Structures are given as C-alpha cells and as structure tokens.
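What follows is subunit A paired twice: with subunit B in the first complex and subunit C in the second.
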Partner chain A sequence: MSLKDVLSPFTAWKYVFRDPVTIENPLRDRPGAARYRGFHKNDPELCIGCGTCETICQNGAIDMVPAPGRDPRQGDSALRPRIDYGRCCWCALCVDVCMTKSLSMSNEYIWVDRDPDAFRFTPGIDSKRWDSAELGYHRPEHHRLVPEHRPHMGELEPEERIGSFAEIVDGYTVEQARAEADRCVSCGLCIATCPAHMDIPNYIAAIRDGDYRHGLELLYRTNPFSEICGRVCTHKCETVCAAGHTGEPVAIRWLKRHIVDQVPYEQYRDVLAPPAPATGRTVAVVGAGPAGLTAAFDLARLGHAVTVYEALDKPGGMTRWGIPEYRLPYDIIDRDVDVIRSMGVDLRCGQRIGGDVTLGQLRDGHDAVVLALGLQMGRATRIPGSDHPDVRKAVDLLRQATAGEDFGTPQQAVVIGGGNVAMDIARTLARLQKQAFGTVRVTVTALEDFAHFLADPDEIKESFEEGVVILDARGPQAVVIEDGEVAGLKTWKVKSIFDEQGRFAPSYDETDEMIHPGSMVVEAIGQMTDTALLGEDLTEKLAWNRGRLQVDAKGRTSEPWLWAAGDMVRGPDVVSAVADGHRVAAGIHAALTGKEDQA
Partner chain B sequence: MALYTPDRSQYPAALPDGSLEFDLASGKYLKLWQGPQHPGITGNMSLELTVCGDEIVHARTHVGYLHRGFEKLMERRTFIQCFPIVCRICVPEPDFNEYCYAQAVEELAGIEAPERARWIRTLILEMGRINSYMMYLGGQAGSLGQAVIGQWTTYGRDLMLDRFEELTGARIYHMFILPGGVRDGLPDGFETRMEETLREIERIMADVEDVMFHNAVFKTRTVGQGIIRPEWIEDYGVTGPNARAAGVVKDVRKDQPYLVYPELDFEPVSGTDSDVFTRADVRRRDVHVSIDLVRQILARMPKDGPLMAKVPNVLHWKIPKGETYVRGECSRGEYGYYLVTDGSGYPRRVNVRGPSYTHAMALLEKMIVGVNIADVAGLMVSLHTYPPEIER
Partner chain C sequence: MRALLDSLKSLYPLDDIVLQRPDLAFATVPAAQVRGLLHHLKEREGFTHLVLLTAVDWLEDGMFQLTYLLHDRARARDLGLRTLIRRDRATMDGIHDLWPTAATYQRELKEMFGIDFPGSPGVDDPFVLEGWTDLPPYRRDFDTKDFSERNFNHREGRVTHDPAAHMKRHLYPDEA
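Now for the complex of A and B:
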C-alpha cells in the first residue's frame, strides 16, 4: 500500500470532462452490420418451397406453409417458410442451406408489436419494412453446406465411341454414387414431377446407406424398367432438382442405374415378392414396350393371367427399336423384360395383331385388352421431293439398324429435326459412316435455335464431339434432287416457329437459303401410331382426340373392354409410358375385381 | 491483509465424519442464502451459507438453476444442428464452445479446417478472451462496490462486440465457427477498426489499472483474501488464471498447442500470491497479452484462401464411430469437449468440460469458510465462473 494507492483512484474524475460514449438514439442511429443476422427475407419467386430450411432448423422455428395465390407446379411446392421468432435463434443455417439462395437476412433487428402472433410471419409473403434492406447476412458464395458438383463419371472418349455402338457412359462407382447420393436434400420435388412418382429420395438414401436391395425394392415399387430408365429416362426429376438451382442437379438417373448395376441379377427374385394367387381373369396386352409390359407386370403381380402380343421379334418397343445401342445396350432391355416374364407374363413376340389373330379374338378371349402400340410411324415433312425413296423416316432407319439390316448407309446425310430421335439417327448414321467410310458427314437441321433445342444438352454436346454438324433455326423447304438422286436439302433461316396465338406456323427469312448436300435425307420430326389393327368398324366406334385414342383417367377407351396406354396416348416418353402402364393396370384390376369405385 | 479477524472459539464442533454440527436453535448460527437472485452471485447459482456472526463457517453450493440440458439436446440433433446450440453453454465467451465442438467433429470426421479458417478461429478466441476479461474486471470491482470500472469495461467490451458483429454477424452468440471452417473472411477495413478498438481498450485498461488496481480499498479487500493453495491445483483440477495466479503455470495454448498458437509469440501470465488481487492482476495483464496476440494474428494471417473444408451434405452427415477430447485455454481455464460418435448422424455423447465446474463448486466451498460475509461476493467473482457451463 502506498500513497499512490490512495491518490490514484481519484484520476477517475477525469471522466467528468469527457463526452459520453453512449449512442443518443440507438433505435435510430445504430444499423446492424453489413453481415448482421437480422430479420429474415425471402424471395418468393426464387424460393421453390423445398423445405430444406425447415429440415435444418434445430429449433423447429420454420414451418412450410401454403403461400396465398400460389399453386403447386413442377419444381415448386408452392409452400413458403414461415418463421416463428419465438423459436428462432438467428443461427442462419436456413440461409446457409437454402438451395436457391432465396432466403437471406436483413440487418434490421428492432421490431415492436403488441401482438405475439405477429412474430410468426412468412418472409417475402407478409411484407415487412426490411424486405428491401440491402445489408444483412447472405450466404457467401464459397460457403456451402451441400456439395454443388457431381462426381465425374467416366465415359468413352469421342474418337473411341464413334467407331462402335458400345455404351458411352461407365456408370458410377460405389464411391462416386455415394458422393452423389450425399448431395440429395430429400426435398421430394422430384417425386411430384416424376410421371411414375418414383420414391427418389428414399432410393437415394438407400445408396448412401449401401442398402442396394432395399433400393431395388423401392425402384420396383414404381418402375419395372429401372434398368432402362436408369440409362435413357428423360429425367424430368433432374430438371426440378433443388440442387440444380445453385449447382448441378443430383444425377438421379445415374443413381437409379447404379442401384440396378449393384444388385446381382440372380437376387432380383429374392427382392421382389411373388405374384398374388391367380384370380382366374385374363388380360391381353398388345405391344411389348414400356407401357404394355408395365401394365403386364402389375397385372401379373395382382394374379391376373396376362398375355403380351408383340409384332416384332423382340420385346422392348421403342426402347429397343428406337434407342441406339450406345445409349441403351440390348442386354439391359433383356434383363428388365426377363424380370417381367418371371412374374408369369406370357410374352409372344413376332405376333402381329390384325393378321392371324384379330383384335376381336383378343376381346372374346380375355376379360380386358390393353393397346400399347407406341408411336412407331415417322411423320413426313411433305416438302417437295420428300416422297423420294432416299428420303427416309428416322424411326424406320433406327429399327433397321437395331435389326442389323443394311439400309445403304449414305456417304453424306441430312437429318431434319432437333429432338432426341434426330440426334439418335444422326449419331447412328455417324457410327455407320465411320465404320463404312472412315469419315462422319452428317448434318442436322433443326427448326429451333439452340436456346430452345428439344434434344437433351448432353445429346447435342456428344453429337458435336462425334463430328455431327448441327445447324439450328433452319426450316426444310425442299429435297434437292439431281438426276433422280437425292443431292441434298434446301433450308431457309427460321425467323419464328409459332405465331402470336402460339400456334405452329414457322416463318422464314427466304434470303438466307442454304443447300445441305447429302445422298439421303432423314425425317425425324415426330411419330404417330399405326392403328390399322383396329379395323374400320372399331375405329369408327371409338372416341378420338386430335388423332389420338381418347381414354379416361384410368386409361379406358370408349369401348369398355379396350384400354390404351403409353406413347400412343401420352406422347413419346419412356417413364410416362411406365406411369401409364401402372395407371391402366390399376384401372383394369379395379374393373376386374369389381372395385372400380375405389380405384 | 483482512481487517476482520475471526473468533475461532465460535466455531462449531466437528462430528466424527468431519462434518460440522450446527445447533441453529442456539441462535449462534444463521443460515443465509446468497442467490440464486443476488447481486453478489455470478450468474444463476446459489450459496447456502452458515454464518456465525459475520463469518462463514460452512458453505454449500447449489447449482441447477440454469440447467437447459444442452448435452442431452445434442444427442437428438444432427451434427450441424448442434452448432447453434453450443455457444449458449457459455454466454460471455461462447466461441470456445464453437471451436471445441467444431474441432471435435472435424477430428472424428477426418477433415481439417483450412489454414485461413484456423487463423480466424484463433482471432475470434482471443477477441472473446478480451471480452470475457473485460466483463470479469467490471464484476470484480463491482462485487466490492466499485461500480465505475464496470461502466468502463462494458464500454470496451461493447467496442469489441462491434467488431464481432461486423465479422460474425452477431454480437453475443456469434455462431461463426462451424465444423469445417468459418463462415466468412474478414470484412474490408476490419484491421483498421480493430486497431482503433484495441487502442481504446488499452486506454481503458490504463484507467482500470489506475483506479482499480492502485486502490487502497481494493487492495485492502483483496490482498491475502481467498487464497488457493498450490497443492489444491491438482486436487481440484484448477486451471487457467486461477492456477497461474498460484504460480502453477498452466496454459493449454502452450502446453497442448492448438490452432495457430505455436506460430504466435506470447508468454502465459502468472503470479505467486494466489489471492483475489493476484488473480485479478493476472487477468488484467492477460488482456494485454490477448491484445498483442490479436495484433500478431491480423498482421500475419493469410488474406486469401479457402475458409471451409469440403464437408459432406450436412443434412445427413454421418460420422464414423470414435471419441475425442478437444481442449482450449479459455479465459477461465481449460475448456474441453468430449465427443463420442457411433457412426450415426447424431452425437452419441457430448460432454462439456467447463472450468467453472471445478472452480465454482467444491473449491469455492472450501475457500469460503472463514471469510467475512461481505467478502463472499468478491471471492466468488475472483474465481471467474460462468454457471451455464457448470450445468450443461
């Protein structure tokens, strides 16, 4: 103790002469910092209602609630997060995990209200004064709690694959598949979008858990064509995947393929329960494509005796006769079909209905008949010269290519069309040219520009890699014929495809004319159904809708004994055909068991 | 040098088992509760005092007033969901919870936070240490009736909270250090504003030294008071400034270095007298060490580079079976997280070792006997305890 200890405390008096350090009006003069985690903001247009914020919130402060004036649509549940500030702890994990970056926080932190319920609100829907606040916490670009990129999948190099019809992609390894499955946030938007409503989040969870048998069981609950869909599905699920908004969508199709790749084929029977006891009812299915065989699979498992009639000598429909082998190897189709056969389905190939066996006979011999004819006839452009024998339909060529028939591979070919069928025939011709002549000379002319192309981006990319020339926004005008031989295709530049009412009415810039040389022109502009087997009387009796057979919600035509499913009803798409197969099978089962009202 | 001299003849008799016999009916002894709501108690705990005259002859500590069941809560939450919870285990210095938990998860998950994140973590921990000490100094002075120190240190702490706010987005519960790294880098101009803050805190600390430490009243009330004997350090598991003031130089930053401490130049502060004054003085000097560390970190930390390691999708993050103990030197001593995982998406067990557990219960009960009632608050504050970490 010293004199200093007595005197020193008095130095505190100097504070009497200092200005106060407090803020005069902190409610007004003290904005939160630039990354302050204040009240929530949400962009309702960007938000897709995936509910990942609700999942991660450890306080249960977020509830997904229907947003007024919004209807669910593909890729948007129309739910929006409602936040309860009686529970929120401002950790901002909801912002960090938000799949679209729609959720953020403002730097506002003062909110006075007498009503406690006011503090439960839906940001972006209930307008708040901080909705326009620029400052506040937004997820930094580098900060991710869900990986954004797919693992790289091995595939054949372009120069390697162009020489053969070998399958291009390798499929995921176990490690790659687990890493990819890990990226799924299990929001379920994909389930609503998938025509077959496959249980995607759960089969992806099965991959994470390494439980492939369970995964396969889940696949077969909604899709007996998982081998096929695992390779060539149009994967509408991926276009709505929540992960796709700020990263790459989860590779749902490849993950499905991974499951079927992992379970040894011999174990499939163990995974699938045996069919129900026989009901004594019989069903005939015409067409062994995805829709017909799915219906057959379901009906057989329900105990009905099913006979499938297929005109061609092998089953699979367009998956076999339309899709080239490099996308879908034929043995893969065989595996899916074999499982369906093992359920007791009597599959009769090479039996065209309308010949030895008529539709009337089927009607008399069965309790129900399903038409699943598919779209096997190519549409014609009807441009001048398109009746020349060297102007061919893509579906015909693809069928011949599958059958191994020689249709006279042209040295140079022009394809009309911009969809996946156009890509399929272009790439098939490219492979055949490479094998026959060593060079690829295929030109694809599409009505659409690249921004609105119908074919999958992967198809376009791979076509380019393989040396196919793709010209966008070119409208076919005439097939150029010289000396009786096809010499090429004349096209004009497309100005617009649809008129102001949205009807198909292309307009062209006639000054921008091109001649694409080629000794064969292939039309790939769409397909239609060959309904000749119906006969005139039945065709007359049946109700039609814009050239397609009209069916009710269960797939029944206007003739009670006749049902229809698949591409001929819904348009071309494998997984939609599968969904339709299920639908018609459920309808028939309900009709046959007298439980139609409950179906 | 206490002014009060106890009358030993007034002490109760000891029973054969060592406990004391109080005949409350005699009027000689009085039960006195200090807490759970009392200005002279640190946080929500309570002291059941038996006094004889002004002297404490027996004390029992009662905790449980703040039990929120954090450890059990975490067993029902995913690994990422525990991240917003842990900071609440110690309000004035929450960052050690974030660091220890994140580090434990990273160790068991086999990931390593990037270099830049490790520097920022160290920065945050030292910022938190300064804040914790500032709060303590105000409390220590206030417990002896000197309110002005608390006003000054609260101001200094508030400036540091401003820096926390701009760096982490929050003032108290920062929720910034998460498994894998940290949320973000330093905002633009942070170093300059931090330097201004450090200078202001240094100025405050100079005033605190003049008015609180060179103060006859403070010295009279604290020198020689509440001594922790060196042999108790190991017996009771005393760590941090409480141990260093007794001459036992324990500092996890030096003894089991973590983060970037091996690259920083500092010496743990220690004392010899082990009384209330020495403990306060050790903490006062430690503030300056931390200020120096913050400057070193800002000068030497990498300006670029990743802030988060690659973490799997946190929504279904499963961590292999394992266990680990992660420790750090917080302002009160050794802070630790013992984490057990069983391969599932949830922690099997999280045990938090808060230094207050060892300091505020058995040790306090032992130290408090023989003390004047008026000195109980000052003695208790000198142990620098935060009850939430006692009852996780």
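Now for the complex of A and C:
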C-alpha cells in the first residue's frame, strides 16, 4: 500500500462545501410520465355502468357495484366499476374499451397503506387525491376497440323509390350483420328500455355465432312480431345503446330484421314449442293488431281457446292499415300473423263487434274478453273550413291507400302535423302524385320547429329527398275555400306551443301569415279510439281516465271480465303494444288459472 | 428500392411486395429461402443491421408469421421480410450466425410464441417469464383471463352485479 492510497480518501473532503450536483432526496417527489398508467379515475356522471370494463379485464380485477345515491334509470345501470389493485396489471384495456370515455388513468402510482382492502375502491365515487389529476392515460381519439360507425345499408335512391311503394331498405348482408353485431358489447342496458324487454344482447350474439335459429327462438320468447318490429320498431333501445355515446348506436332493429331474413320461413314453426294442452277456457280478443294478436299468441300457447275478431278484412291493425307499404311490405305482416294463427288462434276477419255479434255475446260466450281496438280515428283540428269533404284524416287515407281504393289523389296537398303519421301520408301522397301526375307537390306544416320535431329524423330526411316540402313552426288557422273548393291552408308562425304551466296552448305571430296552396288538406294531428262498440250502458259502467279506458297494471278494466291492451290504453307504438299484449295475456292466464284452483 | 426489389425477384421467389414508403418495403418469402435471402441482403446489398425479429399468430390460418426487419445504413432504407411457418410445427432456422443479436429475439420468440430455433444459444432459457408452465402467452389461444383466475386468488368480500339483471330488479321486477 502506497502513501497515496492512504491519503486519497481525505482529498474528498475538499468537496464538502460545494453545491451538490445530485438531486436532494429523489424519493420525495417522483411524478409519473405524462401518459403514465396509474390509479384509475372515473367520471361518475359520464359513466353508464355498462360493465364493459369488467368484461374486458383479463385479470378479473373489476366488480360492478351500486353507487350510493344513484338509482338505475334508462340507459344507466347506476353501477360503477370497483377496481381491485391486487389484481390490476395497469394494462388500460378498461380505459381503451370504455364506451363513454368516462374511465381514464391518472399518472399517480405511489400510495402506501397498511390496509390491503384500501386498494379496492370505486374511482370517482370513493374520492382520491388524484381525482383531479390532468395527466395520465386517456384513450386517444383514434384508438378504438369498438368501431364508431355502422356498416352502410343499401337502400333505394330517392328518384327510384318515389315512383312506387317498393320497400326502401335492403337489410344487411351476413357480412354486414356480423360486423354490426361485433360492435355490440353485450352490456344489456337496452333490455330495460325495450318495452317488450327483448333479449337483445343474446340475439345479437346469435348473429355473431351465425346461429340464426337460436336468434329467432330468442326473438319469439318476447315478441311474435319480429318481422314487423325488425322493420318499423320505434327502436327506443338504440337511444340508450352504450355504443351511441361515442359513435353510432348499434343498429339493433336492423339486426333483428337480419335474423328473420335469414331463417327460412318454413322453419319458423320448428323453433316454437307446441301449445300447452287445452285448458277448456276461452278468450275473445277484439282487434287483430299487434296487442290483440300478441295476447292471442300467448294465451293460445298456454292452452286457452282464443278467437280474434277483426272488423277489417285483413289482420295487422295499424301495422297494415296505417304504415305504408314502402316501410312495411304487407306480406311481412302476413308472415308474422300466420305463425300466430298456427298456434291455434281462430282469427275471424271482417267481423265487426257491435253488428251481428255484440260485446255482450262475447262476454257470455267466453271466460275473458280483450279489447285491443287501436287508435284508428283521426283527430280533427276544428279550424274553420275543416268540415269540407276534401279535408281528410291521415289515418283514413292511409287505410284507403292500403285497400287500394282511389280517394282522388290531389295534384297539390297540404298536410297538418309533424309526427310519423304526417310523414307517412305525405310520402304516400307523394308516390301517388308521382304515379298520376309525374310530379310531387306536398307541403307538410308542423306546429313544432325542427329542433323539437316529433317525426323520426330518418322520416324527415327521406321526405325531403322525395320532394316533400316540410315547413316547421306553422300553426293552421283556416282551410281556404274558393268557389266551394279547397284551395289551401292558412297558417301563422308559431311563437310557442305550451303555456307556462306546460299546457297545450299555442301562441302565434299573426303578422307572419302564409297560404299553402292545395286542393286537399290532410289532418295528421293524432288519433283516438272508436269505442262505440261498448254501447252506452257499458261506457257508463266502465272507469275512464282522460278519455282512455282505465286499466290496472295487468290490463284489466273496472269490469272483471273485460281487459284492454295496446294503443287504446298505452298510446301508439308497435313494440309497446306487443309488450301490453304479453301483460294482458299474463293477467288473464293468472285470473283463469286462479278460477280453476277455486273450482 | 424498386430496383433492389426487381433484382431480388429474379433471384428469390418474392411475394406480396409492398413498397410502403420510398425507403421502406416488405415482401414475403418461403421459409426455406429466408436464410439465403438474408445472407444475400447482408453481404451483397448493404443491409448490415437486423432491426428486429418478431412474430404474428394467425390462429385461424394455422400459421405464424415471422418478420425480419433489416436496415441499410448507407442508403438509409429498411426492408421487411415476412415468412409463414406452420403453427403445429413451429420451428425455424436460426440466424444467430448472421447476427449474434438474433439469438435474443429467438429466445424471446421461443418463450412467448413457442417458436423453436434449434441451436440458437440459450434458446430454452427463460427470457422474462420464470417458471412458466402454460401455453406461450403470446399465442392467441392462450386465455389470459382463465390463467389469471387459476393462478391468482380473489380477495374475500368481492361482489359484482350484472347491469341488465340489476336494472330489471329495480325498474321492472314484475315483468317477464
């Protein structure tokens, strides 16, 4: 050992009073990188509790738990993800798949606690110091595990479709349907919103698996009108679809249609179990629309003898007589109805109750009677001139159009109303005008402005494409009559529709007046039920609620033998009518089997 | 790059040629030709640097795809060579004699995909997984969720809820 070796350690002392070049206590502050995947954050207002994060988690680290103070509502399960950091591997798949972008990760990763259960918490609900951290991992906009858009569905071009009543949309091909089914994350939030609570995630899964027979079986469990609903359902389910939060909602209605398109019709009966043995009980149903026939379908399958009386010469109710053929071809209705009939339902068309057969006779001859009359009478505006014979109701014209009757297609027409029925009659008139005169001259005047329009956006778009003129915020004042003939409609600009209490009380700007020329004015402002068949005595005896027959939760009226279902008690909507048909059938079955127990 | 590809085509059965950028191209070549072509590229064409060697599991087709990415420093260009080998006979000639660094990639591919490179130094040694006994984890038929459920316990007291069932219970308990 040299002298240098002995002395050199002491030379280090010369650095004692210099500034250190190292960082003082580097362990005190160690921020994660800007996009570090640290502890999770969740925006509880944005989160819908779809549970997709739980499903994708490859470590089983996420549980969906009820969030205190939140109740489930349409489109939100009120569950929120709780993460177990004993299992989380910080891969961020949950963030990447999050359907609302509510879930993200902070760049915070240092946390010491002696209680292992502290590392299981619900981000956004259990407050943490990193809740407001801006840095961390968020799904980049271009990075998507679920595609944003639906496959394009082929449809007839406007100039092609306006010349006929041919169906507009093509339906999906198998490849398109699989691609669309792949966008469904099977969260099931839609089931609560569907009035019939159809098993949407599983029938979409059946499309992914290519098992259409199973798909059809699932459809029939909750809806005997899947052919019809696959085309014209109001698809409320799609309004709550998880995919709709950052992209287009899954095309649930078209996927349903795809299933019925794929299964050969001859095989439909095979997916349904045969009806139960006869119970000896009989039920009469008045009205062969979706509600009446759904009730008939359920009751027949339960073994009851069901007779359906329909006043018109073909079944289907408003789906046939109210919805134009370009939206719902008539043979599609026949297919659904024939399956129902094959369950042993005795369907008697052209038999109006109140004529040869009275309601009293039905009561005496059956254990229960269901009224499913629908909403077939158009409401009147009662404006001056509206009693002219060329002022017509939309529902009457649609019925005549279905029947192939000539009601004298006007060269120019004005429609009052802004709902789907107004669009249906406008587009029907447009087609008839195109066929008769080669040009479309239909003006629709709606009370609502476009921001609050009642008709579906697709209907409005397609109406415009077909040359229909739609004027919003126009209030009808009088039918203009010249020399005894209808010459047009006078309207004023609508300032507001409801008063401060929310009652219907439109106010107008009288200085903004317009005359819309036309030789026919069509009222499409709502429908009501023709209850004449009840007769005076029964009408007096029954309980009513604002002009609608009052029923209990099961659909029973104040007369124990009489039940009611569908549009006449629920308002106009096919799938709600189906749901109501199920409800009333379940109620009647319980009542009838209850009677049997007592006997 | 186009000229290079044309000359290579006359020597080797190249397929699926993609000129992605002026300085980046990909081509597919049969597995048996890979070593010869790589040797040619390294010694004759200036692709002296092996950038990476990686794999893709085409489960549905029953194939693994190997991608060799080479760099030509002098001309600042990259060439990716792809080859497909059968998944059920996942063995490939090593290239560690051409680039010693390839041994590390080959060891990784053995561990993560189960693709063997006989004779590659340390090819059977653990790479990042220690004591792994399951399917190689980058194979697409490896079920990560199932593996984690089998190997890691859940803390007691965990409960989860199905959103659809939870909504039914609260919003429409009496309906079918």
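Heads up, the rule we're going with is that the second predicted complex is superposed on the first by the 559 of 599 C-alpha atoms of A that agree within 3 Å, B and C clash if a C-alpha of one lies under 4 Å from a C-alpha of the other, contacts with A are read in each partner's own complex, and residues count from 1 in each chain.
Assume a residue touches a chain if its C-beta (ideal position, glycine included) is under 8 Å from a C-beta of that chain, and two chains touch if they have at least 3 such contacts.
Note that the structure is a prediction, hence the values are computed from the model and not measured.
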{"item": "Partner chain(s) touched by A:71 [first = subunit B, second = subunit C, both, neither]", "value": "second"}
{"item": "Which superposed partner A:497 touches (first subunit B, second subunit C, both, neither)", "value": "neither"}
{"item": "Contacts of A:36 with subunit B and subunit C, given as first, second, both or neither", "value": "first"}
{"item": "Which superposed partner A:97 touches (first subunit B, second subunit C, both, neither)", "value": "first"}
{"item": "A:357 touches, of subunit B and subunit C: first, second, both or neither?", "value": "neither"}
{"item": "Contacts of A:185 with subunit B and subunit C, given as first, second, both or neither", "value": "first"}
{"item": "Subunit B versus subunit C as contact partner of A:12, first or second or both or neither", "value": "first"}
{"item": "Subunit B versus subunit C as contact partner of A:58, first or second or both or neither", "value": "both"}
{"item": "Subunit A residues contacted in one complex by subunit B, in the other by subunit C", "value": "58-59"}
{"item": "Touch list for subunit A against partner subunit B, complex", "value": "1, 4-6, 8-9, 11-12, 15, 21, 32-37, 52, 55-56, 58-59, 89-93, 96-97, 105, 137, 140, 142-147, 182-186, 205, 208"}
{"item": "Subunit C contact footprint on subunit A (complex, rising order)", "value": "49-51, 54, 57-60, 62-66, 71-73, 77-79, 84, 86-87, 116-117, 120, 187-189, 191-192, 197, 201, 222, 553, 582-583, 586"}
{"item": "Footprint of subunit A on subunit C - complex, ascending", "value": "144-145, 148-149, 152, 154-155, 157-164, 166-168, 170-172, 174-176"}
{"item": "Complex interface listing, subunit B residues touching subunit A", "value": "77-78, 80-85, 148, 155, 162, 165-166, 168-170, 173, 175, 183-184, 187, 207, 210-211, 214-217, 219-220, 306-308, 310-316"}
